[in-house]
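Below, subunit A partners subunit B and then partners subunit C, in two separate complexes.
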Partner chain A sequence: AAPVQVQLVVPIAVVFAPGSLPGDLPRPLPFRDVQEMEISVNVRTSVTSRYEMLYRSTTGQEEAALAAVTAREADAALHPLQDTTLGSLTMYVVPETSSLLPQGTNVYVGKHRSALVRAGGSLAALQARLREVTQVMSFTASSIAAALSDRVPDGQLSPDARRYLKSSLGYEITFSLLNPDPKSHTVDWDIEGAVNRYVKPVLDKLSLVANFSVDSQILYYAVLGVTPRYDKESSSFLLSAHSLPHVINPVEARLGSSAASLYPVLNFLLYVPERSHSPLYIQDKDGAPVSTNAFHSPRWGGIMVYNVEAPPSPQASLPLHVDVDMARVMEVFLAQLRLLFGLSREEVPPEFLLESPGNEGLADWELDHLLWAHTVENIATVSTTLTSLAQLLDKIGNIVIKDDVASEVYRAVASVQSAVTELSLGHLHAAFQASKEAVTSSERAFFDPSLLHLLYFPDDQKFAIYIPLFLPMAVPILLSLAKIVRETRQRKKEPTKMD
Partner chain B sequence: FQDQAEQFLRSGHTNNWAVLVCTSRFWFNYRHVANTLSVYRSVKRLGIPDSHIVLMLADDMACNPRNPKPATVFSHKNMELNVYGDDVEVDYRSYEVTVENFLRVLTGRIPPSTPRSKRLLSDDRSNILIYMTGHGGNGFLKFQDSEEITNVELADAFEQMWQKRRYNELLFIIDTCQGASMYERFYSPNIMALASSQVGEDSLSHQPDLGIGVHLMDRYTFYVLEFLEEIHPASQTNMNDLFQVCPKSLCVSTPGHRTDLFQRDPQNVLITDFFGSVRKVEITTETVSLDRDVAGFESKFPEEELATEPLKYAEQLPVAQIIHQKPKQKDWHPPGGFILGLWALIIMVFFKTYGIKHMKHVF
Partner chain C sequence: GGMAAAAALLLLLVVAAGPGPGRAGAGQERRDALREELLLSPLPTGDVAATFQFRTRWDADLQRGAVSHYRLFPKALGRLVAALGVRELHLALTQGFWRTRYWGQPPLQAPAGAELWVWFQPTVTDVDKAWKELSNILSGIFCASLNFIDSTNTVIPTASFKPLGLANGTDHHLLRYAVLPREVVCTENLTPWKKLLPCGSKAGLAVLLKAERLFHSSYHSQAVHIRPVCRDASCLAVSWELRQTLTVVFDFFSSGQGKKDWSLFKMFSRTLTDTCPLASQSKVYVHISPKNKEKELLEVSPPPTSVHEAIVQGEKKTYAVYDLLSPSLFNTSRSLNVQLKWKRPQDSSEMPIPTLHAQRYVGGYGLQTGQICTLIYNTHPYRAFPVILLETVPWYLRLYVHTLTIITKGKENKPSYIHYQPAQDRRRPHLLEMLIQLPANSVTKITIQFERALLKWTEYPPDPNHGFYVGYSSVLSALVPSVTAMKDMDVEQSPLFTSLFPSSDGSSYFVRLYTEPLLVNLPTPDFSMPYNVICLTCTVVAVCYGSFYNLLTRTFHVEEPSRGGLAKRLANVIRKFRGVPPL
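Up next is the complex of A and B:
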């Protein structure tokens, strides 16, 4: 694979509130410090992360903001005073005894790009804690390695590291309602309203990462491929965890991926079970029912089972009218969307308190998380693509590169160089945009229809065509040549002989 | 259960694709179409949807005037099973099945106006099954009686796919005469190949149907299909069993296989890794907490109405531009080496033989 050497620079501001200064500061505030860490993926790919830390004390306004009662209010008040460029982090160190953070919590991560950290005594302890915070809020070695997953030698990556969506210019989201039993249930879902109220804010925030398009459909008589079994104790039907993989296939044929878009499709299915199989619950592998009643498949989408409440009287007239509670459904679907992108909040150390991003769906630092991973992935992809294109040209010497392919290659090279430069300067947004342009150009160059090697004849095929034509023709010529040579030689000899 | 989970995780793919190619046309090659359609049916039955199958057929069997049972293609004697059925989705039919299109599908170098159903949109987590059948020879496969694809070209196409990580693992099955020659030249990783016969051997057909008048299937594919009938989406049968299918006593030819490029042990590779589409799932345990009382949303980035012109297939060839184009000034190049040398040789011989004085007849 092509060599990739990238330096990721994260500008961090560490702001000390009064009373939180550790005793063993090397220099008086403000001062700068740099910490570097190497993430080596394989022999030719290395990513260096460089944390440029600026230690300073609070300004008057920040002090006033930190005097709030709860961490959330403090965070909200501090937000306008922060550096909001993508990729940067601000950490406010509060005194050990501060009541801003609840008991047992040492770090509060806000929904923007800041965190409140409890002072830990010495500078070393504080720095260890700050490092943990940085790992959560920007990137870790494993998230970068996952982004570069096709370069990591097999066996070194955990098997679930390659399950997140690959970086793409756009994604298409399809919401489908599956009603296998229209005779019993008439299901109404206000999908348009739900998309406007709940999904659009999230997609708006993600619009920095890619273009999203949303569509929806309703499928009737679409059944799951698995028959759930009846559980007498809970008088409900259960789908066990190991039958879940077989649920998706029979449905997928009917989903119909969009004919117009070439972007990856994410399917979110809402299944309303038949009256004869209600209520239906999903079991995890320990046999416990899943609270969300939903499961998802990496790089594909998610399915949620929506149980209809039993009618008040068994003689209620069929079909029952069902009004789907879209908020509850969207809570699950949006969580699945986050998980598909790799934004999980489950691997956070226990003394961290993460602020919920509310209707925006993801915090600013989670967006940064995605951008770091996607930028690195894009740069690696462009490098591989251009190198393999160069190798193709080496192999087939007489391939013709059209002007527009050449200009795309130049543009890709310029963009990827600019992306690497911007990363080393700490400008994540500019780096991401440059990397997106680089990917677009390099893909367009590589997949240009004119580069089909079938169209260019290697020399040995040319010989194979022309030899049978010219060889018989050449036989009399060569024989005549031989005759001429013999005659000339004889004539040269004769004058001496005639003497 | 833990072992099953381990094995499952080891496969590493998240989606499955199939590229099924029948490279023959004409009525007497009925068995090749029946082969391909039978594999198509099996693959669909085991879960791969039409959107993930690229089917290339000459498709001139069902409605052939010589077909005594129109609109059907049978794979078993006595017309037991009609593999043509109601929902066959042929992506490349008739004259579209060419070497160029096949290589374009594999490498992805397709004109932008090609519809989605004709594309192989695989990614680095896709397992692809490629099945080819037809007439072949030592190192080549004949396409529609007019062109050939060589094993070198096929190996290069797979390498291009690997460079762009268009597959996770690839299973290549070929049922032609001297089929093993087609996989000799592969050099990209993660490819497993099976062939119906070795170099120098012919693959034979299975059984003629006296009612239809042609041979219905080839032996190798017939026994592979019998094997696949036992497979269901949850089965744990592995590739070693597939290698044993159709021994020489049944097949007359010796089936071959190649696994040196494949990283996993064939013992651990499930048949459904390639023929079926069993997805990895995870239970969703997190939820987002949404504020329900939120009014309509004003987007920060208002959508720009991009006036994109719909791409029309006909416009790939800009006729208007070509008609009104002035002939391009081609720079004159002196004739290149071979031609120049040849003509110099001819002229020299001519004049040496007949003498210089004849030059006056030329000028």
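Up next is the complex of A and C:
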């Protein structure tokens, strides 16, 4: 892969509340400090992160805000006082004895771009804690490695990394209701209301990252590729974890491709099992039933099984009317959506308390988390695309690069350079925009149809055509060569004869 | 009391605000309905035609709304209509040719190969770009080579192909029409077509659609029609209609083993066992009164649920109807196998001739010039009617327009409307549209001469010696006078096969006919010639080179005279005989 060198700069303000100053401060407040961290991906790709810390004490307004009773109230009060640019972080250090943070938690991460950190004795201990918080709120070595997963050697990547969606300019989200047995069930789902209520707020927030389009469909007679196993004990049907990979294929043929756009599709399927296979439960690897009755497929989407409660009497008139509980379904699908975007909240240390994002479904710092990863991924993608184009040109010399293709390449290079510069200045939003433009330009250049206009004759075919010329011409030359060889041999023999 | 009155007033206000145009969709109950229908019509030749129609009607406006939620209407097509600003879309994929002269007027005819015509919304700014994109996407959906549609085979007809659905304006610049006559239709096109049906091929009439039987037939045509229609009689709101039609003609020699008695099982090797639970109507119609006959000649079994009489294509016809949704049908037996038996042998000499039919051929000899002849027949005994003729001819046949002659009954027939757009080499085809009056009981002959152009060697398709399908087919659109006056009927109540084309008034009915595609041989070069030339030249060069090389490199030295060669000895022998001294 092509060499990529990126420096990620995160501006951080560390604000000390009164009574929280560590004893061993090197200088009086305010002062600046820089910490660097190397993220090694492979030999040719180096990512360094640089945390530019500004240590200062609280202002009067901040002090008043920190006087709130709970952390949540403090967070809400502090929000208007903060630097709201994307990528920047504010840490409020509160005294060790502060009652703002509940017992046992040392860090509270708010809805926006700030955290409350309990002071921990010495400056070194505080800095260690701050580093942990910063990584959770911006990027970790593993999230950057996941973004650059194409470049990471196979063995070193965590299994989660391949789950995340590749960075793209847009995504299409399709909700499909699979009703394999319309004779027994008429299933109604209020997908329009559910999308407006649960999905749209999240996507509005994510619209900074990419364009999203949402649609839904109902597919009848769409069956899973695996026949579930009947379990006598629970008198239910079971899908074991190892059979799940075979479930999707036959369904996918029915889902329909997104012919009208080039964006990747995220599929979320709600499967209402046939009456003869109800109820249906998914088992995990240990054989225990999965509580959500759902699973996800990396970079593809998720499937949830929705069981219909059996009617009181088997003679109840068919078809049975089913109204889907959309809140239950959307909870699962949104969790899967977060998982696919790499925004899982599970890898956080236990002394951390994360504020729930509420109705928006996504905290501001989670958005930053996504932007950091996508910007780095975009830069790497552009570098790879342009390198492959150059390699292609080296291999096939007679490809014609038209002026407009060349200008797209120049634009891609300029954009990617500006993205790298903006990153090293700590301007996350500008860097992300530039990296998006770079991806667009480089893809346009790489996939320009004019590159394939000419007919290419490989060299061996050209040679084959000229064989009728070369072969007869070679015959007299070879014959005379043979003659020369014969004559020289004879000349060598003759003197021995004379002797 | 006051509170209640206020509440009632509020309710009234809400109700009054309800059916506004902006509120459609949101919060309202989505209403979409599927109707399916199979029409079996025995043809005069003993063959049988089966026409399937599946109609999905959706009471929603596809052009509005950012979030789209589909139920019965297929998402792939719906998104296409919304994204590209399509007002009306008609795609037909056909294998074989409908023989109008022998089979009578078809319910739905399409030219051999692929035919696509689309009306775009007036909001579409770049129609050509949308057309190109649309054909590319459709070729992906239907696995057909529609991506070969480009400016050289697209025309903009001015008089033919008026919108079949709701339309405010008919500005023909929003219309595109293209035919690909070489397209071979097969299973890979049928599978995506079946996938668009809500029940797939799992239930309902679609279980009969088995590829190995459908393509073992003389004519197979599958089509998709999307158009906006009126939601109700007042026509204040728009509904979208998707019609999927499939027509197949089974040959009585190959499929019927020479017998004219048919059954569902004989045709499709399947019978109907259950209905599609999503369909609001599911019916099988069997045409039981042959043309011009009041008396029934056909006997159908099992006994039909009802008998339907309708005036179709100007004639009163009787149909036996099997309603699959009526509970009595599957009560007696588990499956339905409709059987058709002739009551008495049919006399083939009294085969009825359709009022309008046409034929076309290429005349002339040699590889330079030729002429296209079209014969249009009006067999109506006393009524004349006009017909619109659409001819598209590819650019590599250069039409001589001054040679255009239209002759009816020995006299020249002047068209009342003529639109001609000349071709541009490698850019666009010829387009000729004429409105011709056909006198009663007449044959009209239209001839036009052409010259064949020479193509570049890369422009020849594979297998160029097969010939070129040119002129695609000429399309005849006509309002043919009816024998029986038609009554106005409710479109929603009448069978689907009568309701695709709008009926104008009771005295005539609309017919669109396609003539046979023409196969023209173009001067075709010997494609191995360049290689032969290279070989020959190379050999000559090599021989010359060899002798020059020998001349330049050989050392010449005087050879001792030996006993002489064979010729010299032979000459000496002869000289000896003659008594001459030897050489």
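Going forward, the second predicted complex is superposed on the first by the 439 of 499 C-alpha atoms of A that agree within 3 Å, B and C clash if a C-alpha of one lies under 4 Å from a C-alpha of the other, contacts with A are read in each partner's own complex, and residues count from 1 in each chain.
As a working rule, a contact is a pair of C-beta atoms (placed from the backbone, for glycine too) under 8 Å apart; a residue touches a chain by one contact, two chains touch by 3 or more.
Quick caveat, the model's predicted, so the values are computed rather than measured.
Applying the stated contact rule after C-alpha superposition, one finds that A:Ser216 touches subunit C and leaves subunit B untouched. In the superposition on chain A, A:Leu469 makes contact with subunit C only, while subunit B stays out of contact range. By the touch criterion defined above, A:Ile191 reaches subunit C but does not reach subunit B. Legend: residue contacts after superposition of the two complexes on their common chain; A:Pro319 is shown touching subunit C, with no touch to subunit B. Of the two partner chains placed by superposition, subunit B and subunit C are both touched by A:Ile477. Judged by the number of subunit A residues each one touches, B leads among subunit B and subunit C. Look at A:Pro182: by the touch rule set out above, it reaches subunit C but stays clear of subunit B.
On subunit A, the surface touched by subunit B in one complex and the surface touched by subunit C in the other have residues 196, 253, 256-261, 477, 480 in common. Subunit A meets subunit C in the complex at residues 174, 182-183, 191-192, 195-196, 213-218, 220-221, 253-254, 256-261, 319, 465-466, 468-469, 471-473, 475-477, 480. By the touch criterion stated above, subunit B contacts subunit A in their complex at residues 1, 4, 9-10, 12, 14-15, 44, 47, 49-51, 99-100, 103-104, 107-111, 115-117, 119, 121, 123-125, 153, 156, 160, 163-165, 233-234, 263, 276-292, 294-297, 299-301, 342, 345-346, 349, 352-353. On subunit A, the positions that touch subunit B within their shared complex are 149-150, 154, 159-160, 162-163, 166, 196-198, 200-201, 204, 207, 225, 241-242, 244-250, 252-253, 256-262, 264, 282, 284-285, 290-292, 294-300, 302, 304, 327, 330-332, 334-336, 338-339, 344-346, 356, 358-359, 361, 384-385, 388, 391-392, 395, 446-454, 470, 477, 480-481, 484.
Within the complex, the subunit C residues that touch subunit A are 26, 66-72, 74-76, 79-80, 83-84, 137, 140-141, 195, 198-200, 202-203, 274, 277-278, 531, 534-535, 537-539, 541-543, 545-546, 549-550, 553.
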